[in-house]
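Which chain is which? They are A, B and C, in the order written, and residues in each are numbered from 1.
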Amino acid sequence: MRSLARLINVFLSLSLFFGLVLGSLGLLGELKAARSDDSPVDPPMVTTGEASTAEGAITEVVSNPESPMESPMESPTELSPAVLESLASSKVADRDVAIQALGRDDSDLAGVLLEGLLKGRLYLDRPSGALYLGETSNLALTWPNNGPLKPANPRKVAVNNRQRETIESLLGTRSLRDPDPKVRRAVSRALIGAPLTNSSLIQEFLSQETDAETKDNLKIILALGTLKDPNQNPAAKLTAINDLSGLYAPAATDDLKALAQGSDPSLATAAAQALRRLEAKAQHLALAETIFFGLSLGSVLVLIAIGLAITFGVMGVINMAHGEMAMLGAYTVWGLQTLWPQSPGLALIMALPAAFLVSGLVGGAIEMTIIRPLYQRPLETLLATFGLSLILQQAVRKGVSSMNVAVVTPAFMSGQWRLTANLSVTQGRVLIFFFCLLVFALVYLVLRKTRLGLEIRAVTQNRGMARALGVPSRRVDTLTFALGSGVAGVSGVALSQLTNVGPNLGQDYIVDSFMVVVFGGVGNLWGTLVGGLIIGLANKFLEPINGAMLAKITIMVGVILFIQRNPLGLFPQRGRVASF
Amino acid sequence: MKSNFAHRMILALLVALCLSLSVPMMAQEAPKSPDTIKVGILHSLSGTMAISETTLKDVLLMLIAEQNQKGGLLGKQLEAVVVDPASDWPMFAEKARDLLTRDKVAVVFGCWTSVSRKSVLPVFEELNGLLFYPVQYEGQESSKNVIYTGAAPNQQAIPAVDYLLGEGVKRFVLVGTDYVFPRTANKIVEAYLLKNGVAQEDIITYYTPFSHSDWQSIVADIKRIGGSGRKTAVISTINGDANVPFYKELAAQNISASSIPVMAFSVGEEELSGVDSKPLVGHLAAWNYFQSVDKPENSEFIVKWKEYIKDPKRVTNDPMEASYIGFNLWVKAVEKAKTTDVDAVLKALVGLSTPNLTGGVAKVLPNHHLTKPVLIGEIEDNGQFQVVWSTEGEVEGDAWSDFLPESADLISDWTPPINCGNYNEKTKTCLGAEKPAEEKK
Amino acid sequence: MRVIDRSFGIFTLAMAIPTFTIIGGSWGSDPLVSPFTVGLLGKYLCYAILALSIDLVWGYMGVLSLGHGAFFALGGYAFGMYLMRQIGGQGVYGDAVLPDFMVFIGWETLPWHWRGSEMFPVALGLVILAPGALALIFGWTAFRSRVSGVYFSIMSQALTYALMLAFYLNNLGFGGNNGFTDFKTILGVDVRSTFMVAALFGVSALLLWLAVLAARFLVASRLGLAMVAIRDNEERARFAGYKVENVKVAVFTFSAILAGLGGALYAPQAGIINPSVFAPVFSIEMVVCVALGGRGTMYGAILGAFLVSFAKSRLSTAAPDLWPFFLGALFILVTIFGQGGVLRWLKSLVGLFKSSRSSGAKGGYDPA
């Protein structure tokens, strides 16, 4: 009995450890993200603290601490009735006019209104003509001061994509006045490629700018404007191309291409030269990106396969319901986020130990009921667990929903990290990569350094002898299977951030994860790690060459051929499995 | 061999179970109840497509219950026959045959994927059944026995491209799952773009496997292509499952709708309910219906739906509207024909119209397609779409695309004297005319 | 083991009586057996052939193939090519040579691998060659390097998965996801006519019977002894001088051809062949059929295929929401409690009533 208590203890403390370590990792990520210069200021504008991700740097930047949202409307200035009327119009073109008018207006109020338009938070009260900011349930009077505090019939002032782009550009240009160089840097970076609304203003900013990167960015913006402008003469364009030398401006590619094929010979040569430089640099960046993508894809594969490396690799059980264990983990995230809608990030972190427990317990139960009678017939575990996976999928369909459920991506999992000026990587993917290494290390430590691990290895190598020496082999089996399933659950937590959370989640990964384990060598954790990363990298290097479809087929065929030559995988290992 | 009593009892039980399973198989005819009109529902309730199709089953059950409350049809109650083809394409054909021969249903509402429709098509033509197909599809087809209540490509793709061109987009990245709908839609879009002066090198196409989940490379490519100066948009024909990881990757790589908008043909309110839509604000979709359309008939439908499904958070979408239109059309046609006989109902259907949920009218055309409005919506942060553009009136569905060389001369007209699904206007012949249907006469 | 014994006699009767009854009953204006049922049973017979081919390698040789669906599908596609060509000018675009989907992807001439597919003998040859060649190559490379046990199972699963992805490609010229549908005629006879439906059913039944006969010959031969020896202890068989690899390759190829023939009959009866037949899940389901019926018994595999298909067809209509629960539970219960499968229970059930006069297993395979 004492040994059982000890084993359970290991199990519980392991799950707690998972939670603590990963929690701190996640928080670390959040802090770093806040400090990294891509998101220079914590977005105060986003009232509920929800993730604002794809809206990019500008939207975050304009909501700097000086944003009037923080100190509401002290001096709303004039707003011409014409502007108001065009805002209220149902025609898109009329709203274009209003936006341009607001853009010309230097006042704080215009900024606030543009900001509200951009975020879809600006409401117009038809009867009174007053403007409000906020959400339907909570609207704050913005203009005029003497308007009714409660709107009678508020309607959202809608903008479309093109208008959003214009507003971003207008607001961005405003923010170039910001005293914080980091803000200016981010704004100027985001303005590259956006329509140039006011070149003389940019020129003015450039002459006053002190920060090197911002200066470069402004130069690029101006040069791009010149290159695009059909009214500019060749000499000006040549100057623009020269201005760009030494800078990396992929946004100029198309214009340079056009010029390189143009009629002006000196301009064409200069453009062709600039283009070559640009493409050489782009190739290097693409290579770095591909390596990152490959590692990331590999880490996802490894993460799902680790659990299988335990149940299949160490125990020899072919668990076709392995994918469903990951699915349970992903649904755990959804469950916790539904419980705590206010803090999706915390829910995600807490889901790690929770998913480990949920999937681990289910796994343990499966072992005791379904797997145990079948140890003498390992191939038949496949059949029983296949039936189980049918049941689990349909249970989720009936119990939760046949549709996918929405899992929120918290702030620390979204956005990008800038490694160099021109190379950014996805924050969530980086975290998942390190998370994968961490899980791998933990599982490795458990198997190598703990009493449980010792017993697992003993039972694997020689069950009879282990039992004779007093190892409770049945309990060890249960706990091993629970550990493998628990790790699968944890991988489901990671998957919930990347893909669908739905009844089909497990099915999509089951073949891949078996391939990883077999490719790496059954019974060898290192093999799973290296195998998964190799498959990921190979996939991503093949994809640009022959497309996503053929890349996947090539990998499959490649692995099959490899196994035909090396039947025991990359790192062969003898064990219970090797003998059947 | 062990053979104790308990073991044998288990065996006996299992054998009994197996036998009891096979007994219903032996029964040739389902019990007949002459007082009802049977309505077949052929949507997957398990397997990969259950995600989308289960909802349509529920909508139809709701509509049938409602019709029965109103007193049924021709003085009889409607009886729903629900089967599960389990996202298994041969099973679709099997179940269709089952519904038509064993249950003798008057009409079938069903199918979602192209391949499921292709699978049941010969069955419906052979047994002269009637199928209402509720999903936007690739066109290039018109069957006497099918009413296409979803959009044909000219009711979705072409207006969407027009909208993007109007927004100043100069370069198009076409991303799709490698199957027939994206292939056709992209071919049509490409032909249309070339006609409108977009250069060939400004149309870039990517195809991916089903359930593709790692979009890093393609999204990075899109970012690179979109970031090289010319205004770029993505036209996405990505199939169901693969959409969520695609949008998550877009968000992760900071691609905003204002820099590179994505116009989707297969993403609606239901798909968005499986994803956090805040990072996707501004991306586009083209449909014939959005839940957000503010019309009384739509509000009424939404209220009824939420009440029926007992979930105030459930959404409505375009294929649901198509099912609604299809059901109402069938009811009207049966009332007009005063019988459920397929030929009579088909005759009554052409020219019939019923209000849609967006304030317009859906009319059945001689080619068995409908008139539909085309709406372009932008994703909002609550998972709904804000309509930013719509056609003036309804667009007539065109079975055979005018933009593809192989079908430019083809039309479909199921009224006399043509009576043909693939009639060549130049040669004045009905292609594949030696079809058994004609031969028999 | 004798090839023709009492069990085979019972099997022959059990096949012949219903087959002739059904074929006889499917004629006339108000047939006793509807064409729907005939077609459905014909489809089940094809599944049974596939299950039998799996049982041959798994039950008698201990090689669990999780990719036998690939051979089945290849046979189906090979015959499907013939069926597509038979449509001729009846396609929607009215092209006399190209199938619709080729017109659709813009091809102007028939690709090389479709040459000759309009001829029935060529189609038959392809039905045997395509799965046979694949099995020969795959089996040869795999068994030569002694890929066995679980590794072989996973590799065969990867094989069928890779093929599924490949057949999804529209540019491969096999119709992509939509595959082949809307078949019209075989040898000039309408596939939907009562005659053709009955004929296909009859041919399927005949093929199954022949397959069982051939398999029994095989098992009873010296090769069969080697198979069982390999199953029971591969190392010992090798040391005893058996060319283990050659035996495995030969039987595996034979089994794949059998599966391919089943597939060829399946395509016209199902009315569609598309890449989903390559899906790993389909192969696993067929393996489950074998286990459910009882492996290493041949009749068990056939019984299992019928039971599972019956259950799927009926339950998905009777309980559309809940049937995966029943099916899943059935798989689990059978695997855990039903060692030896349904066939063995039937035997012991018969034994229960016949008291314990005849005890002990006769031949066959005792998995315990």
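Simple rule for what comes next: a contact is a pair of C-beta atoms (placed from the backbone, for glycine too) under 8 Å apart; a residue touches a chain by one contact, two chains touch by 3 or more.
Only a predicted model underlies this, so the values are computations on that prediction, with no experimental measurement involved.
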item: Chain occupying the most central position, where position means C-alpha average; value: B
item: Most distant chain from subunit A by Cα centroid; value: C
item: Between B-C and A-C, the pair with more C-beta contacts; value: B-C
item: Chain centre separation in whole Å, for subunit C relative to subunit B (CA means); value: 33
item: Cα-centroid distance, subunit A relative to subunit C, in whole angstrom; value: 44
item: Per-residue multi-chain contacts in subunit C, two or more chains; value: 165, 168-169, 321, 324, 330, 334, 368
item: Subunit A, residues touching no fewer than two other chains; value: 393-394, 507, 549, 552
item: For subunit B, residues contacting two or more additional chains; value: 45-46, 178, 209
item: Residue numbers on subunit C that touch subunit B, as the complex places them; value: 33-37, 39-40, 43, 89-94, 101, 103-106, 165, 168-170, 176-179, 181-184, 190, 192, 270-272, 274, 276, 307, 310-318, 320-321, 323-324, 330, 333-334, 337-338, 342, 345-346, 348-349, 351-352, 359-361, 366, 368
item: Sites on subunit B touched by subunit C in the complex; value: 1, 3, 7-8, 10-12, 14-15, 17-18, 21-22, 24-25, 28, 45-46, 82-86, 88-91, 93-95, 97-98, 101-102, 113-115, 118-119, 121-123, 126, 140-141, 178-180, 183-184, 187, 209-210, 406-407, 421-422, 424, 429, 431-436
item: Complex contacts: residues of subunit C adjacent to subunit A; value: 64, 66, 141-142, 144-151, 153-155, 157-159, 161-162, 165-166, 168-169, 280-281, 284-285, 287-288, 291, 321-322, 324-325, 327-332, 334-336, 367-368
item: Of subunit B, residues touching subunit A in the complex; value: 45-46, 48, 50-51, 54-55, 167-168, 178, 206-209, 211-214, 216-218, 220-221, 224, 227-230, 241, 244-245, 248-259, 261, 270-271, 273-276, 278-282, 284, 378, 380-381, 383, 386, 388
item: Touching residues (chain side subunit A, partner subunit C) in the complex; value: 312, 316, 318, 320, 370, 373-374, 376-380, 382-384, 386-391, 393-395, 398, 507, 510-511, 514-515, 518, 522, 549-550, 552-553, 556-557, 559-561, 563-568, 577, 580
